[in-house]
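These are the structures, in structure tokens.
Both complexes shown next keep subunit A, but they swap its partner, so subunit B is in the first and subunit C is in the second.
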Partner chain A sequence: MSIPLLLPDILLLGLGVMILALDLARVKASLVWNVAWMGLIAVLVVLNLIPAGWDRAWFGGNWNLSNFGLLMREFFILSALVTTLLARSNFVRGEEGFGPMRYKPEFLAALIFVTFGAITVVSSKDLLTLFVGLELATIPLYFLVAWNKENAKASEAATKFVLLGSTSTATMLFGMSYLYGFAGSLRFANIGEAVASSPTSPLLWIAVLFLTAGIGFKLTLFPFHSWAPDVYDGASTPITAFLSVSSKATAISFLIIMVYGPLAAIQVQLQPLLILLSAATMTVGNLGAMKQTRLRRFMAWSSIAQAGYILAALTGPAMSARSSVVFYLFTYAFSNYLVFFIASLVSDRREQTFASLTGLSRQKPWLGAALAIGLFSLAGIPPVAGFVGKFMLFGSAAKAGHFAFLIFVGVNTVIGLYCYLQVLKAGWVDTGEEAQEEANKNLRLSFTEGASITLLTLLVLGAGIAPWLGNNIAAVLQYGP
Partner chain B sequence: MIADIGFYIVAFAMLVSAIWAVTAKNILHSALALIGSFFGTAILYLMLSAEFIAVAQVLVYIGGVVIFVIFIILLTSRLGDKAEIAPAMRKILAFALCSAMLGTFLHALDRAGYLVNTKTATAASDFASMRNIGLRFLDPGANGFLVPFEIISLLLLITVIGAIVIARKEGE
Partner chain C sequence: MTLGYCLALAFGLFVIGAYGAMTRKNIVGILISIELMLNAANINFVAFAHFHATDSTSGPIFSAFVIAIAACEMAVALAIVVSMFRRHKNLDIDKLRELHG
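Our next item is the complex of A and B:
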């Protein structure tokens, strides 16, 4: 059974349960936080000891460990770790004038369970496990958004999120039921056979339509994106960051699993649909980002555009799509978390707007530089990580020969650059808000924040300067037993 | 033959209550009409000899969801209030969208050969029996779904914890 391969999953689950148990034993909340981040690092270390090249399944094929799953596990655990670090300040000093949040152990346990749900998605070999994993990766987010009970906007955001989220879940489940009815089985292998033998069946296409609509909500694709700005703005900064990274990565893994797994036989026919969604999503995201003044709302629109870019890779062949998406997700996560760390830092007592960045580069040059690096990476400027990531994403689409689409994507990247430069302008050029500049002068970084920002900056720079790191991902994905 | 007639009677009753649920001016009437629609679905499940799903339908939807909805309505809205009337444009748009969707479904089902189906495909009568569902959920083998079954328990655990945190009054 080779149980050691399952050790990271089991340890992660154990960590979540242990945090809840520590809370029951009434230990200090700061200790629980330390256990959480150290535990996540430990799981990450154990995960890195597992060699690639296993494509094995356990429990009658319900739980599967593939190379793609292995890399995504690293991603999800890393993302949970950074969110845990980012969340500390919300429980110590609060943000945007609200007091510190409470119930830290439950918060951290929920984060870990969501991460386990995301891991379930990348481990699934059948629709039932996939769906249950997706729910475990979504439902706790509904209440995590509402965690700050002082903030009425958080409750409003959570209500919108629950209502639209359950509608999208119902839509997706409807699509899955059609897929089940079409194939007569929940297992991906059997569905793949059925798709290959009758790729034009109308039942299949109804299923594809509803599955895309359902997952489009979670990935904030164009017609299903309207919830994102409100929810991202209402939630606390760590949850917004987690939503924009882990939740989005779960959705894109779902699409990769479906498009290159059971639906592989109709991937070519799916390409026009994906191109349409991708192009519309990035345009809407970039246009929406132009007129924002609040940072989290801006990041919501930015993440919508980023979802469009990521989707572009799925028009390419399987291997380049997988490797470019995994690499891009890492660079996107580093840059996104970097920006969110700085946003959380400047909003300790103030509103989190563009204006609160005023004078950051004059008062705290290093923070200004980190902000610039994060934003340049999101926009895709060399030599930072985002450029290499985008290069590989669009390279994947180019392999399938979608050059007209890529020109459109290029135009969008320029529009996106304009949006990101607006934030940078607030931090580097704008003057006039004396009070904000004074407040930025008195910024105090805790050790956690300083260390995280430094590390993330180095990672963003490192992945840009050493782009061959991306080849490692391709190598892991192709590595056979 | 008798089963066919039974199906059409139940399906007709479901349609009537579904339309009633959508068009009723009083929101409480809509909730009550939903019960009829859900109950009809449960009967259809029974006719397909899926007794577990039928019982779950009654317990969860009629016993849980609708009662919950009625509670919310009674707690939040004033029943004497006039129902909000949607603008005509929105009604037309909604009607057009729904018709388009219905048309797509009918077309798809027709092309797949399910709309006029002369052959009756039947599963073994114990295919969806309670015993089989239970056995397959707890079977770690190739035919079972042990992993999702266990993950549902994680989902319920963390959801209950989250619900308690959100519902709890501050300062206790």
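Our next item is the complex of A and C:
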């Protein structure tokens, strides 16, 4: 069966508009939520019907569908789907003592538009499309962070986010203007030729530094990471999860598109810069995660460290970097969402801290096991998905021969393991206040939560026990760019 | 008018904007500084298109897009600042200290 290749993109955009239209027609919010998650599943199904192996461009060569783009589309839509499911409880019962949030249809539409922006980034063939996509994937996040207007922390977090985010956008744009001046064109193909013919031009390197600074903010790389803990802590749980998965994946796709596209000729010279950023980011992330007590803040530091690990793959050759990053992003998304589902579950009436996990394994053994699987996967313990993903990431760096760097990365994963075990200790070993145990005993899972946690656990386990999934992604990417 | 003058002007604007964004206490002041940084990039695009580029139409088009996107960004930023002001009753960035660490 052949279907139009642009159908999933158009359907996704249509879904966002349809949700807003349903809201205008005063349809019940719970029905709109059902439309949203069923629609996202439908888009995912349509996307999976497209066979791999395409490399075509539309709209004057500005919109492109490649294998990498196809896999990243699946990733972004899956991420939006899980966030939609995770967000349900925030609109039904609220969290951390705040009442239910309002304006559900607008929230869901904004999520879908962010996803469309991320898809625009992976479809781009020139700087203008890339920039517009990146902004569409960023601006709605500013107000999604501030969604709960009763929460003073959320509005503070959003203010910090929007100020720092706009500054980083301006920095990146300034870099793009120098890149345009250097190459005389916005198209990646022309920029690539210009880079190959004069790889030592100072204008080019100034542009690269500005671009790295701009995207480093979105990816929470070391000197630009300080916003993440504050924003993640202030935002509601589904938005924190979405920020740490989709927004980070958008930034890493941007880097992959730039480093292996127009800047491919200077990738070897970029390697020291990437190694430095990656090593510093993972160290800072792991050290920051050590002394946290609030779960979302801990996950923010953890995601900073994970950004460092993902960046390590970009020091390797194009093929292995692309496939390992795509596979790792999937495993990272599954494990991260699993932990966030449990965090959201225990914080229905309480503060979302390590203490609120106490007694989870005694009162609800299955939830305790799911938490352990999610955390082990994030830390990279062998049988689960995160280990296979990390193995592929570091394998990509090893192909370029950076063995001293890899030893440093290995030490860092051990420090990371210590941090994740602290959360696990709270859930499995600690005997805290009686009230927390009692509250965990009375946890009620809705059907959505139960089904999502079960599925995510199975996916984390499955992707780990069946490493051929990773080989499949490598095989798909082998067809072409 | 040469390319050098235009680039110097744009770089000067960018540095003034970046300095303002880092040192201003008032949030509206920071937003104005960010506008300066964005417009510095616009001047770069137009100048490169005029003096330098092989593809001289895409630069001005890019800056038109930037103007539109900057307007969206500022609309969202101001909405967030208004909602923040309702909770915290001040516009001083240094007084936003509930979240730190």
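What to note about this one:
One rule holds in what follows: the second predicted complex is superposed on the first by the 476 of 481 C-alpha atoms of A that agree within 3 Å, B and C clash if a C-alpha of one lies under 4 Å from a C-alpha of the other, contacts with A are read in each partner's own complex, and residues count from 1 in each chain.
The rule we apply is simple: a contact is a pair of C-beta atoms (placed from the backbone, for glycine too) under 8 Å apart; a residue touches a chain by one contact, two chains touch by 3 or more.
In this text the structure is predicted, and so the values were computed from the model without any measurement.
Contacts of A:Leu5 after superposition: neither subunit B nor subunit C is touched.
Shared-chain residue A:Arg297: touches subunit C; no touch with subunit B. By the touch criterion defined above, A:Leu128 lies against subunit B and subunit C together after alignment on the C-alpha atoms of chain A.
In the superposed pair of complexes, A:Phe116 makes contact with subunit B only, with no contact to subunit C.
When both complexes are overlaid on chain A, the residue A:Ala146 reaches subunit B and subunit C alike. In the superposed model, A:Ala264 makes contact with neither subunit B nor subunit C. In the superposition on chain A, A:Ile50 contacts neither subunit B nor subunit C.
Shared interface residues of subunit A (contacting subunit B in one complex, subunit C in the other): 126, 128, 131-132, 135, 139, 142-143, 146, 149, 186.
Interface residues of subunit B facing subunit A in the complex, by the touch rule stated above, are 104-105, 107-109, 111-112, 114, 139-148, 151-152, 154-155, 157-159, 161-163, 165-166, 170.
For subunit C in complex with subunit A, the touching residues are 10, 14, 17-18, 21, 27, 30-31, 34, 37-38, 40-42, 44-45, 47-49, 52-55, 58-59, 61-62, 65-66, 69, 72-74, 76-77, 79-81, 83-84, 86-88, 93, 96, 98-101.
Those residues of subunit A lying in contact with subunit C across their complex are 126-128, 131-132, 135, 139, 142-143, 146, 149, 152-153, 155-160, 162-163, 166-167, 169-171, 173-174, 176-178, 180-181, 184-187, 190, 229-230, 233-234, 297. Those residues of subunit A whose C-beta lies close enough to touch subunit B in the complex are 13, 20, 59-63, 102-103, 106, 109-110, 113, 116-117, 120, 126, 128-129, 131-133, 135-136, 139-140, 142-144, 146-147, 149, 186, 201-203, 205-206.
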